[in-house]
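Input: one structure, supplied below.
Letters A, B, C, D, E and F mark the chains as written, and numbering starts fresh at 1 in each.
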Amino acid sequence: MPEESPLSTVRTLKALDTTCGGRPFASVLVVKKLAAKTAANGNAFFSVDLGDRTGSFGCTVFGDSPVFEVLRGAGEGRVVRVEGKVDFYQGRLSPRLARVLVLEESELSTPGLLESLVETTPEDQEALWGELGQFIDAIQQEELRQAVRGVFEEIGDTFRWSPAAVAMHHAYRHGLLEHTVHMARAARALLPLYREVDPDLALAGILLHDTGKAIEYEGSLATRRSRRGILQGHVVLGYQLARKHGIKARLDADRLERLEHIILSHQGEPEWGAAVYAATPEAVFVSMIDNLDAKMGMVQRALRQAAETDEFSERLPGLSAQLLTRRVPQVPPPA
Amino acid sequence: MPEESPLSTVRTLKALDTTCGGRPFASVLVVKKLAAKTAANGNAFFSVDLGDRTGSFGCTVFGDSPVFEVLRGAGEGRVVRVEGKVDFYQGRLSPRLARVLVLEESELSTPGLLESLVETTPEDQEALWGELGQFIDAIQQEELRQAVRGVFEEIGDTFRWSPAAVAMHHAYRHGLLEHTVHMARAARALLPLYREVDPDLALAGILLHDTGKAIEYEGSLATRRSRRGILQGHVVLGYQLARKHGIKARLDADRLERLEHIILSHQGEPEWGAAVYAATPEAVFVSMIDNLDAKMGMVQRALRQAAETDEFSERLPGLSAQLLTRRVPQVPPPA
Amino acid sequence: MPEESPLSTVRTLKALDTTCGGRPFASVLVVKKLAAKTAANGNAFFSVDLGDRTGSFGCTVFGDSPVFEVLRGAGEGRVVRVEGKVDFYQGRLSPRLARVLVLEESELSTPGLLESLVETTPEDQEALWGELGQFIDAIQQEELRQAVRGVFEEIGDTFRWSPAAVAMHHAYRHGLLEHTVHMARAARALLPLYREVDPDLALAGILLHDTGKAIEYEGSLATRRSRRGILQGHVVLGYQLARKHGIKARLDADRLERLEHIILSHQGEPEWGAAVYAATPEAVFVSMIDNLDAKMGMVQRALRQAAETDEFSERLPGLSAQLLTRRVPQVPPPA
Amino acid sequence: MPEESPLSTVRTLKALDTTCGGRPFASVLVVKKLAAKTAANGNAFFSVDLGDRTGSFGCTVFGDSPVFEVLRGAGEGRVVRVEGKVDFYQGRLSPRLARVLVLEESELSTPGLLESLVETTPEDQEALWGELGQFIDAIQQEELRQAVRGVFEEIGDTFRWSPAAVAMHHAYRHGLLEHTVHMARAARALLPLYREVDPDLALAGILLHDTGKAIEYEGSLATRRSRRGILQGHVVLGYQLARKHGIKARLDADRLERLEHIILSHQGEPEWGAAVYAATPEAVFVSMIDNLDAKMGMVQRALRQAAETDEFSERLPGLSAQLLTRRVPQVPPPA
Amino acid sequence: MPEESPLSTVRTLKALDTTCGGRPFASVLVVKKLAAKTAANGNAFFSVDLGDRTGSFGCTVFGDSPVFEVLRGAGEGRVVRVEGKVDFYQGRLSPRLARVLVLEESELSTPGLLESLVETTPEDQEALWGELGQFIDAIQQEELRQAVRGVFEEIGDTFRWSPAAVAMHHAYRHGLLEHTVHMARAARALLPLYREVDPDLALAGILLHDTGKAIEYEGSLATRRSRRGILQGHVVLGYQLARKHGIKARLDADRLERLEHIILSHQGEPEWGAAVYAATPEAVFVSMIDNLDAKMGMVQRALRQAAETDEFSERLPGLSAQLLTRRVPQVPPPA
Amino acid sequence: MPEESPLSTVRTLKALDTTCGGRPFASVLVVKKLAAKTAANGNAFFSVDLGDRTGSFGCTVFGDSPVFEVLRGAGEGRVVRVEGKVDFYQGRLSPRLARVLVLEESELSTPGLLESLVETTPEDQEALWGELGQFIDAIQQEELRQAVRGVFEEIGDTFRWSPAAVAMHHAYRHGLLEHTVHMARAARALLPLYREVDPDLALAGILLHDTGKAIEYEGSLATRRSRRGILQGHVVLGYQLARKHGIKARLDADRLERLEHIILSHQGEPEWGAAVYAATPEAVFVSMIDNLDAKMGMVQRALRQAAETDEFSERLPGLSAQLLTRRVPQVPPPA
């Protein structure tokens, strides 16, 4: 990627005053939204949202701009290098784009690049991915392990990069992988305490419970619900994946039904998206661990984002509360 | 306890036909309910419910019966040996009581007696109690450990025998102890995975979170909500206990406030009884583990009660579902 | 079927006085419930519910009765001819059974027999079934029609006899068939008014929307939810049927997805069982017609059951109201 | 209407850059909101919202402007021709108005004028109005027909122009008429299938069910709830209209009560505004058709507004979903 | 009324043993329910519920009994003197009736008779009625007072005897009168504190707010919802009464609309039956006083029914709680 | 306080045009929010919100500004005199601050100053405070009066200045005092009508019911929830205050428990914040009066803020309605 001038983040650009109008800039950004519109005079134009991890802005690109065709070819979710001049429309940052260059897939591997564009897991995703594989291997029952492996062979790469949600818990790159591995760790720790739960089924259920999200969410850089996501929902999509690979692996009908049931019921209550209420020991166990790790994931993220001096976070919708982010004093103050 | 004739359970008595009217019997039963009423003719009588683990029945005792004064002296929740004759009123079992003998406290220790009267934990309650003590000892921070110890010194014995609920999860003798120890075990297993949670506070919070129930529920053999339970609720009662002993142990104000908050928020949502939403990492953690173990406790009990041949349990209100109680086949059937 | 003595209905038996104890009787009844229990003395016995269209009663059959083995062989949902003597237990009818004979499948075709055992559609089920076939034929798009036909070839007979619900609308024999045909008629009448709705998809969606119930409900004479019904729910089961036969018929992916979506969304809202909200014109249309015909089905049944002199029905839970069953006066009374 | 210069729509004006400040313009607009305020210095001024079908903007008119008195005389909901200069306040379009001319009622009939100001039914409103009359004539029962006719003689013109809602379904000019006629068509199609429904009452109920909205909503160009709408609600207002004209037409008490009941119950559930639950066959039928056509009206509007290239609409609050607006492929793609 | 033998209450009869079968008795009772049924053999019979303040029982009267025609002539809600013999059916009291005599209206005035049949207000209903008249007279504004008076001239007597509810607060004879007078007293006490509330409108609104219940409930001795009650609800019925008499009294339109609004909104929220939310100072005030007195009425009744020795009442559904009925100690016990 | 130039309100500043950029101004304002942030270049800056009763604006103060240290020293909730030049950022008012002077506590007593900064009770707060004292004195029972007095000795001054809410009823300076006195007046007026309510307990309960809010809300000029408010909630905080001073005053256990219960239950339902449902006559009475005065407080405030010419207020969330603010006509218009 050519890097002639220092790149500006969106936060830097937004901090500029209107007196800076006309100043040249260059940035690497994601095409967050690209909507084709028609002006009152009949001319086509694009309303474009460009952003990175620090924020986003909108601008308009008319049909006669050289940039127009580049954007049309790029589409939403692509990473572009843009150059142009700072400008303001109705008081808001709205740069004039002079040049847009779509980055090749290979250029995305520049160290630190993706991290600068989107929020990502704080953990080492390579290690998480390896750990996921170990959890698959830990499933004893042959056909069950094959079924789980089959699902990840089909959707693995998408799964690996997907967020666990658009707006709630683990809503960032690799978030789905992180949440799944965390749940598997929690299950491993708890299974010796709940002997009535079949360890193989519980583990397989955890690994597969959210795989439908790899299909429900689309666009690794600009997440939105896909057509299949809207029309079927991740619960049914995940169920379908498990069913397909369970049959392929010749998993016995009893286990397959129990595995499917874990996925169909893991959202807890129908109004939260479950197809049925959890009705097996494994399904109850998995849905409770899902809830636990989802809530703790919100806690972890709020703590990461908290400034040293803050006492409380902003109100977190998923907890219906502000979180006390100040740590427990190590040396107790006098009572 | 005199044991001249073999004792009948309530189930045995109820299985009798109306043709058995007049047959003598003897049973050891709990006085479940004792309501003083006045007949239309102005005479006093008792409406009495007597029961054991297998069921209960009602009968009427008039003021001129020799049994009347014995029952008045006994009151609800006492264990009595009754002798009388089988009788039926309006088709239902309604024996005539000839003799009632209140058992002394010491007589209750007869092996198997209490177990025949009320449902109890399937685990060894001595061991559970010992384990609770070890969890208290495991709290590192001196004042916090003293505070927790103080609470159990005040309410320990009641706590040890109390059910965890009147009708929902762990609703049996020692159920509160069992549920608390199970939660502590789960916390110990999970704490290494959630490093942002202060282990001492989480553990102390778990041990104390439901201690208010030892005051909310009254009567170890015939559970009902006490006056303080109705007027304050177990959340506030437990908070008060923690506060009293925290101050006594000179626990620093910061930790005390966090400990109180765990208790005030552990029910999850205000409509389920929480005073506030969980707003510290420890409070979120404890409320999630509470939910997990409560649900798993319902699963465990349903599995214990399931007959070999049953496929599903009755509908369990706490799970909104029938539970599949048939075990996973060990040798998978052909797919 | 031997018919030596006149058969008694449950209503007739229940009208008997306790003075009739010992009177012999014979009835043809359904085994509604058959629960194996163990008495306090360790002996096995059955708690049996027997019933016909006019009601049901319970009785107990001990392990040493000759009838015990016959019932064990029969199981729930079978039709039996019972002979015995009228008896009462605790004031309720509880006959002693001397002889139980399981009816063969072929004997069930005796005219009027099934109608005497369970409530059934008021319409000619042969005609309804024929009409269903015509609606299938009316689907123009070749692969779509094949997919629908495939589903009915798989589950047709069960579908034909199944109720549409355990307790709400069309909760009687052939009720599922009746409700589906009524919806198809309504769609045919409305499609010319809503031109944005694809007629083929809407019709196919209606015919298949509730087919999962043929699997969810089990036992044509004593309806209960099957294992698959509890673990997956009829929405997912119906979706699976449509998917299987759609793929088999090589239905194009776009139409298949829309067809599956109609089934997944027809319950209207997730809290009523929908997997997703209706998000295509056809899905909105079908879910609204489903709602309309379900409610009108409750109206029709209440009117059928109303006595001439009644003004209102009992409160109907599905309508949250008592229904005014008195007809509109044909000649208006003076204002 | 004088038309010296080409008129600008609001969309055109908003597309202008701040560099266009001072450019003269002329537009025909609706006075959407006119709020009298007092500045900190005690001077009166108007905060005015002006708009057309393409959008709206706010501006301020001080008491010493020649335009002030014209606006005061006009009031909300009038159509005005404005001339002025483009200006911006705090980055937003906020033109200075030099001249405001209130259009006479007669000028509003200029072809295309009203359509340019507010969204309107896509159908021919003359034809809809004629069809409504035919539905009235189709009511067989003499007094019932007279009652319905009486209501429309009282409120017809307002009804004809009114939207069916402020923000939900059919929320545009003539929307109430369109929705009512669509429901009547649906009823005509369905009545042969539901013979227990009295056709005359059902039709009369449909025609009158929403007539209260002609009173609840005020201002044909800038809709808002009227005083009577806020204090009584359209359900009670429509009931009152039906009652008044039913009595006037000497409709028999039985039919009148049933007709009133349809109106009082058509919203379905009390929490959605129904006074009582539907408790007659006709009331159940009408409330279900209302629901069907309301939802289908949202579908129809979303399809009209969809661009060729869109796959889904925005999220529609009334459907709780994005609608798939792409049509079913006529020639199926390969499976 | 002939009084040859001492009368038995239902409580007395129910206290009898099955050994008392055949004993003659006489009682004065209300016909609570009278349902015409047809036996399996085609014969007509009545299923009758008879009761007094102490309880009720059911019995069957066949078409060939001399009592059959008397009951048919009497109908539900009439007071009858019955004579017969004690009998039991299926263990429950089910007397054989030998003679039934319908009491004349004049005989109902026998002192103490009605009080023995139904629960009634603990206050002097004559005094309450007089006080209601004084509150009407206290309305200053001439037309408003005439409107209120007009309503009570139309429905006064029914209003005077009606309960305020079937099952919730003030659910007893004269309860509606008692509740209305109590609210008027509370308003008189509070009006000096809330000067923004128009006293005349508030008082008129209170007096009329529940008058629709005099039409909604039917049968002074055996309360049930009338046809108009089911089809319109007391809110709309009361609104209609106020409107009719307001117009008759030439009440100005502004006041009439505000008065109607109080009635339409007094239930608080649409889901509790309000047609609209309270939107005037008077309507907010009246709905709050209604809520206050309804809740306090439940408290008063629970205290009246509490035995000296009770600490808590049963759970009161309207309060979602058991009420502490033990009085505050007058001399405080030592702390 | 130096007053060289006339002070501008926020409303005046916001009315300025962008053409006024650079104009000098001076204002006395509250520091509503003060957030320390770090720019992309690593420099510290403050994002500051300043406001008075007429509104607020934000501006940015960089670390090298002389004003930076003054603001850091001041903190949120302090009153400052600011001088600077009018400026705009992205079209919004965003003045450059040249000088900030923190006002001393003593300067806040300048007549009219605080009133210009925050909304306050319309009543004389001195008189309200005196009246509160009289209500305390009116409690007859010695220990109860001492307990109440004790609470106000501890938190009196904070209580006196606190709002009753952040956003709902009585959400302004002294609002808590005003609401409490209004409730006490209402109780005094109603107690003679509800004789089953203990006057001393009811009065004490009212005076203390919301005292926890004096701890829950923090910052008299810029209200926000305190740490204790978030972690415990005002219900528990008030309960703790009552308990502490009740024990100190040696109040008998029975009365103390009833007093605590009033506070724990006054919010009505758990989902609105009550710890338990009201279960004593006094608790039901207090929670109803709380609800009444809260709603009437919203009415009173809407009427105060209504312009002469308004017919309705904006929609009030607490009433779910727009309020009719136009007064009842004194001379009725012709009907």
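Annotations for the structure displayed:
Convention: a residue touches a chain if its C-beta (ideal position, glycine included) is under 8 Å from a C-beta of that chain, and two chains touch if they have at least 3 such contacts.
None of these values were measured; they are calculated from a predicted model.
Chains making contact with chain C as well as with chain D: A, E. Ranked by how far their CA centres sit from the centre of chain D, the chains are topped by B. Averaged C-alpha coordinates give centres for chain B and chain F that are 45 Å from one another. Rounded to whole angstrom units, the spacing between the C-alpha centres of chain B and chain C is 41. Rounded to whole angstrom units, the spacing between the C-alpha centres of chain A and chain E is 61. The residues of chain C that reach two or more other chains are 88, 90-92, 227, 230-231, 258, 276, 279-280, 312, 321-322, 324, listed in rising order. This structure has the following touching chain pairs: A-B, A-C, A-D, A-F, B-C, B-E, B-F, C-D, C-E, D-E, D-F, E-F.
The touching residues of chain D, counted against chain F in their complex, run 36, 39-41, 88-92, 227, 230-231. Taken together, the chain D residues at the contact with chain A in this complex read 9, 11-12, 15, 17-18, 54, 88, 90-93, 307, 309, 311-312, 321-322, 324. Taken in their complex, chain E has these residues touching chain F: 141, 143, 182, 185-186, 189-190, 192-194, 196, 198, 201, 247, 250-256, 258, 269, 276-281, 284-285, 288-289, 291-292, 295-296, 299-300, 303, 312, 319-324, 328-329, 332-335. Taken in their complex, chain F has these residues touching chain B: 227-228, 230-233, 235-236, 239-240, 243, 257-258, 260-261, 264, 270-273, 275-276, 279-280.
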